[in-house]
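In order of appearance the chains are A, B, C and D, and numbering begins at 1 in each one.
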Amino acid sequence: MSTPVLEARDVSMVFGGLKALKGVTLTLEEGKIVGLIGPNGAGKTTFFNCLTGLYTPTTGEVLLKGNVLHGDPAKVTAAGLARTFQNIRLFPSMTVLENVMVGRHVRMKQGPLASLFHGPAYQRGEKAARERSRELLAFVGLNGVDDELSRNLPYGDQRRLEIARALATDPAVLLLDEPTAGMNPQETEATQQLIFRIRDTGVSVVVIEHDIKFIFGLCDSVSVLVQGELLVEGSPEVVRADPRVIEAYLGKPPEEVQHDVEAAAASVEEEQA
Amino acid sequence: MSVLFQQLANGVIQGALIALIALGYTMVYGIIQLINFAHGEVFMVASYGGLATFTLLPDDLKKSPAVALPLMFVGGIVVAVIVAVIMERFAYRPLRNAPRLAPLITALGVSVFLQEAVRVFYPNAKSNLPYPKVFPEGNLTIGSVNISWTGILLVALSVGLAVILQTYINRSRMGRAMRATAQDPDTAKLMGVNPDRVIVLTFVIGAVLAGVAGIMFGGYLNNINIDMGFQNGIFAFTAAVLGGVGSIRGAVIGAFIIGLIKTVAGQYMPGGTQYDYVWIFVVLILVLVFRPQGLFGEPERVRA
Amino acid sequence: MRKHSVKSAAIVGASLLVLAACGSNKTEGGGTNGGSCDTSKGTLTVGVVAPLSGNLSALGVGIKQSAELAVDEANKKCTVPGFKLTVSAQDDEANPAKGAQAATKLSTDPNVVGVVGTLNSSVAQTVQPILRDKKIPMVSPANTNPSLTRGNDFLTAPKRQFDNYFRVCTTDDLQGPYAANYLVEKAGKKKIAIITDGKTYGEGLAAELSKQVTKKGGTIVGSEKVGEKDTDFSGVIAKIKALGPEAVYYGGEYPVAGPLSKQMKDNGLDVPLMGGDGIFDPKFIELGGKEGDLATSVGAPTESLATAKAFVDAYKAKFGKEDYAAYGAFSYDATNAIIGGLAKTLEGGAAWDESKRDGMLTNVGAFSGSGATGEIKFDQYGDSTNKVLTVYQVTSAKWKDVQTGTFTG
Amino acid sequence: MSTVDTSAKRSALAPLGKPFAAAGGVLGIVAALLPWVTFPLNDGNWPDNSTLQYFDAPFGVTGFRWHVLVLGILILVAAFAPVPSRGRVVRALGWGLTLVSFVNCAYITVKGGGLGAITALEGATAFGGVVGLVAGVLTILAGYGIGIEPVGEWKFKISTPVAYLVLLLSFGAVLYAVAAMLTTGGVGSANPYAGAIFLSFLGFATGVLGALSGVGYVRWLSALSEQHRVFSVIVLAACALLLPFTEAGNEYWMTVAANIGIYAATAIGLNIVVGLAGLLDLGYVAFMGIGALVAANFSGAATAYFGFALPFPVAAVIAAVVAGIFGAIVGSPTLRVRGDYLAIVTLAFGEIFTRSAQNDIGGFTNGSNAIPGVPALSLFGAEFNKSISIGAVKLPAGVLYYVLIVLLVAATMAVFANLKFSRIGRAWIAIREDEDAARAMGIRTGKMKILAFLIGAMLAGLAGAVFAHKNGTVSYESFKFLESVTLLAAVILGGMGSIPGAVLGAALLFVLPEKLRDFEDYRLMIFGLALVLIMRFRPVGLIPDAHRRAEMVERADENAEEAHVEAKKA
């Protein structure tokens, strides 16, 4: 068996007294789509942040193509792991094209001097980046809006732009944090197709979603995260049938509900900080 | 050794004054993330307001501090509050949705305007003005350490008001509204908090504290000038940041630290009083590098 | 939202109107102000460069108004026949670059006959060359840095720096040592602590003083600095108190010196504070200067000079209670030196043009007269020949002269 | 104050829009033809014969009355000709008319000692000012009545040669306006009313520019100039180089303009740090100070640390490098410290710099005595501070400095523009917009932020080196906190991140106090008030960056649309 393209080993994360993640392990094979589901506050986004180096896990490690990743998100991205954000994090007053070109940043070589003098080599690099960015915009289905400010795009388009921006970093693995949140069924369907096409270009994908139907229709394998712990892992069929998952989603003892609410509050605070 | 104790006492008194101003900075920053550079001028204006009140008193009242002093406090605080409310209403509120730095420039403009307005329109304010001796003179002497009673009063007032403020914010309904607005103005609004009222109240509280500071300053040092707000304002802002902006306790402790560094570093560090300011800022930078959120600030969590 | 903007604009406008109304001079009817002199040949301007806004403006405004007083008197007396004189005061904000702009503005006006200023030596440094290029005489009422006239090696190898630069005030290398002699020899204070505000004036004065103190057998027990905008000096005082000085010399001006003296006393350091002409001001006592504090100032005591009394009275009559501050009298004398030089240059009814400026430099340099600070006359470097200094002491809440003389080494 | 009563008011005004505008225009013209003052003021007649003098000859209206006349005619044109977003245009012109009338009325009232001066006194009447004010207010109301629509958008494309021509003409007009603004009221002490004349002119300019911007011309032009970036910079520089040949070509304005240029170059450097990378810097002038000190120490001045003089270009490069190193050091806490906390670190650094310089740290600054006597620059024997002649034209002293500084500003503008539209610039803007997202895109934010500080500080150091020679003295007093604040204000006032913004901001902040000299005591107070008002009415700055402008316009448009809908409902 080949090395998995992404591997999280026993990742734990503690905030103060709160254990947000408890020894989560996850593997992603090349060219696969893995889904990550779980109730609110289960630690899905925290897990993403650990993967991408935004947080340094309290224990455990993350390996990309067999190499251990170290803390810095910029280095992680350069190594080939790109992400989108749960609540869209575009650069609002940059144009659509510029947003994607920021994604190219890490694959461009121009240093300060080249940027200062705009020599021929610089111009070539800039042109190539622009063309690649346009390709990606076309790939995600955003045409003719290159010079719009990203904040002026409709919501669904902003999600797609974020994906294009992430793809611009030429990732081996793409992490999508709730890519269909707030979308109508048609848009959700289109997003599903888009993710398949991304997979077909050779990029492996990890998706966080609430929409269980969407996940089961999309993923090769699904992991269920509850209260920071990996509850179940397996093919959609296996997960769907697991009674613990049903319990986690439908019925829970009262104190757990209480706990969830707290965790949710913590994550809200986190977003505002 | 007694020199050290003397310097510590001096530092604490200087810190107490800065603390009163720093509270205003830290509260306004906590609520609307504005570095209100004009806050130091509110302190200055209050001092002149108190002086004006004193000047307007009939001569026989001037001689009895027991009457004159409360009236001066009232006068100074009223002037400070009026200036702060006008400032908030006409300079800052229209800019609430403007780019982040626009209000900062407004604050600087207000600061220049207030300073110059006092200089031009207050009689003889072009140079320092003597301040009436409304506090009993005299020192508490312990060994060879001299501490003036006014200084002790200043420290007591400063700490006392900070404690009251802290309690008010933690316990009262309005205090809760303030904290809610600081955390998330939009949600607070949905919960029925009127952000305008909360913000005005914040400015008013800051102005009251600055007003107290202004009168105490004049009474303690017996002279005031139009620059006093600027210099003390910078220190107060520094104190607020050192302590962690938004934190009441932090502002007070930050202010005491600054006062202590100034006197103790002036005494013992190489370069002496020539470099006392430098040490304050060196400590500030070091603290921020090792604790970027200030001593008592909430750590800034990465959002994602 | 928009309505607010209209409203607030209206309020701002209305308040401006109120402000404007406050500043009115209440003279209805008009025409140029009378006087029986012939002013047919036009108007000539005396420039003033001084800080007119900001925290030094008390001194700057005193300089400006005293110059205006001198010009008014000259107009009344027809000192320069055929011309009306005016003052053009330019704010330098105590900032060298702003001073350069102010000086350039004056220097481009062909009708400027001379400039009174500056207050700060650092500003003078940028103003000197600009005015020299146009041969405009510059008479400073307040620059005390000796290098401005005699160059960097003013003691060993004095060399005239700018042939258009004169001053009516004294220099640090006279005032400082004179004060030192008084402190050590007359008052018998051997242990002296120095505090300065770090600015050119105070630093220079203190440096010259400390040299002389050591020479006369005294010791400088400590040398400290207060911030320009500091207000609470307890830290500095505690530090020097521990050194047991018999007197404190303060290099700087009265806004700091007064409170400093008071705080010294409050903090149990009850020794006299001495300073230069920058603290010789009634305000020093108002702000806390205590009994026994000392100051040096240029010239003989004002009470003994009829010209000085006349100046003070005329100033009070013209400007009411506004203070002429530390350098008003010097500014008055400086202006009179320029006017005197101008009268000489235009003697015999000549018309003014820029070619007369060469003559102006010579005539201002050769001017001699008796002013509010004593004799006005310049030596070969442009310094005042009036080397008489007086020590004053605070007695019964008034400055009282205790010794008058010249510095002889 | 509720929205209901605002909309009611607006709808009440709506039918009156055009009639009010017409009346405002006519009254404006009438005002221009009426006398404004009832008696000669103490300092001589109010300029341009407005004392008890009616319009007397076909083109006999000059000065501010000519401005009033022009505004009146423009209001009439705007009221009846097909003009895009008429409401905005009319309102702007109304404001202009109001301001001009107000300034003159206020000044006459103050100088004349009462309202009698602008109304009727001793049998003489002079109602020009009052009529002008009424006309102005009517016109503003007319603007609201007509309705404030979004700024007109000009969609049509033009060919490159035509664009070049438009840019050339427009920038030429800018040059003319600048020269006119500098010379209004005369130079020197010749005109006792210079201050008021200037303010009045400013009111006129505000009205006209507001109208142009309302029509959409300004936005179109700035888009055009961004499109033809290189050509624009060249034309602007060329226009600037022509300034000495205009009326403003005298020594005084050359000195002021040169100082503006030095600060503008510094402000552009600061704009990299604040405008692009979004890092608030409150101690920035220290880098300029470091540059100036380095240059002074290598200049051969008597009190310099080094006893020899280096050629200026070498010294300037060293100054820039040293300042850049300090910039990187000051920037390094950005690795850990964020936002306003960083601002205080920079403030702290600025204070440390001033204090150390005052205390002659290391013997490099000569303490409070400063380093005087830094020699003027010279090239081929021509000293920069002397006047020169080109052919028969004698140019004022200081013109060479002016030229040098214009080139310096053009160069820093080019540096700024090139960086802004590059990989590095995009990274900076991304950091400004969302630092975490930027890191997630692979941007090494720490490195980039330090780079911003480094480049910004180098530009400031370079400007400082010129400053040292231009002013001849380097004193710590020139580099205090207030200067940092002024620079920051220049950046924000001009428009953060925009290329011409910093230059305009610096120009305004230095010209305004110069032109307000005649207000002596009130000068700084008016300045403070002006800062507040500009921010109040134009919070994104005068020439906002294209991106930020869109942000703002959109918000304004939303308001306008809402108002429109409400008005229709009512």
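We take it that contacts are C-beta pairs under 8 Å (C-beta built on N, C-alpha and C of every residue); 3 or more make two chains touch, one makes a residue touch a chain.
This one's a predicted model, so the numbers in the text were calculated from it and none came from an experiment.
Asks: Listed by label, which chains are in contact with subunit A and with subunit B?
Replies: The common neighbours are D.
Asks: Which chain is the middle one, judged by CA centres?
Replies: D
Asks: Compare the CA centroid of subunit C with every other chain's and tell me the farthest one.
Replies: Relative to subunit C, the chain with the farthest C-alpha centre is A.
Asks: Select, from all pairs of chains, the pair with the highest number of C-beta pairs in contact.
Replies: C-D
Asks: Provide the C-alpha centroid distance between subunit A and subunit C, rounded to the nearest whole angstrom.
Replies: Each chain's C-alpha centroid was found; their separation is 71 Å.
Asks: Can you compute the centre-to-centre distance for subunit B and subunit C, using the mean CA position of each chain? Integer Å is fine.
Replies: Each chain reduced to its C-alpha mean, subunit B and subunit C end up 35 Å apart.
Asks: Taking each chain's centre as the mean position of its Cα atoms, how many Å separate subunit A from subunit D?
Replies: For subunit A versus subunit D, the centre distance works out to 45 Å.
Asks: Taking each chain's centre as the mean of its CA atoms, how far is subunit B from subunit D in angstrom?
Replies: Roughly 34 Å, centre to centre.
Asks: What residues in subunit A touch two or more of the other chains?
Replies: 54, 85, 89
Asks: When you check subunit B against every other chain, which residues touch at least two of them?
Replies: Subunit B, residues with two or more chain partners: 94, 116, 274, 277, 300, 302-304.
Asks: Residues touching two or more other chains, restricted to subunit D: which are they?
Replies: Those would be 359, 436, 440, 521-522, 524, 529, 536, 548.
Asks: What residues on subunit A touch subunit D, complex-wise?
Replies: 52, 54, 72-74, 77-78, 82-83, 85, 89-95, 98, 101-103, 105-106, 108, 110, 112, 114-118, 122, 125-126, 129, 149, 151-152, 165-166, 169
Asks: Within the complex, which stretch of subunit D touches subunit B?
Replies: Per the stated touch rule, the residues are 274, 280, 333, 336-341, 343-345, 347-349, 351-352, 355-356, 359, 436, 440, 481, 485, 488-489, 492-493, 496, 521-522, 524-525, 527-532, 535-536, 539-540, 548, 555.
Asks: Touching residues of subunit B toward subunit D in the complex: what are they?
Replies: 29, 33, 35, 91, 94-95, 97-99, 101-106, 108-117, 120, 234, 237-238, 241, 245, 271, 274-275, 277-278, 281-282, 284-285, 288-290, 292-294, 300, 302-304
Asks: What residues on subunit C touch subunit D, complex-wise?
Replies: 1-6, 8, 12-13, 16-17, 20-21, 23-33, 45, 47, 52-54, 57, 61, 86, 88-91, 94-97, 100-102, 104-109, 111-112, 120-122, 125-126, 129, 133, 145, 147, 151-152, 198-200, 203-204, 225
Asks: Given the complex with subunit A, which residues does subunit D contribute to the contact?
Replies: 415, 418-419, 422-427, 429-430, 433-434, 436-445, 451, 455, 547-548, 550-551, 554
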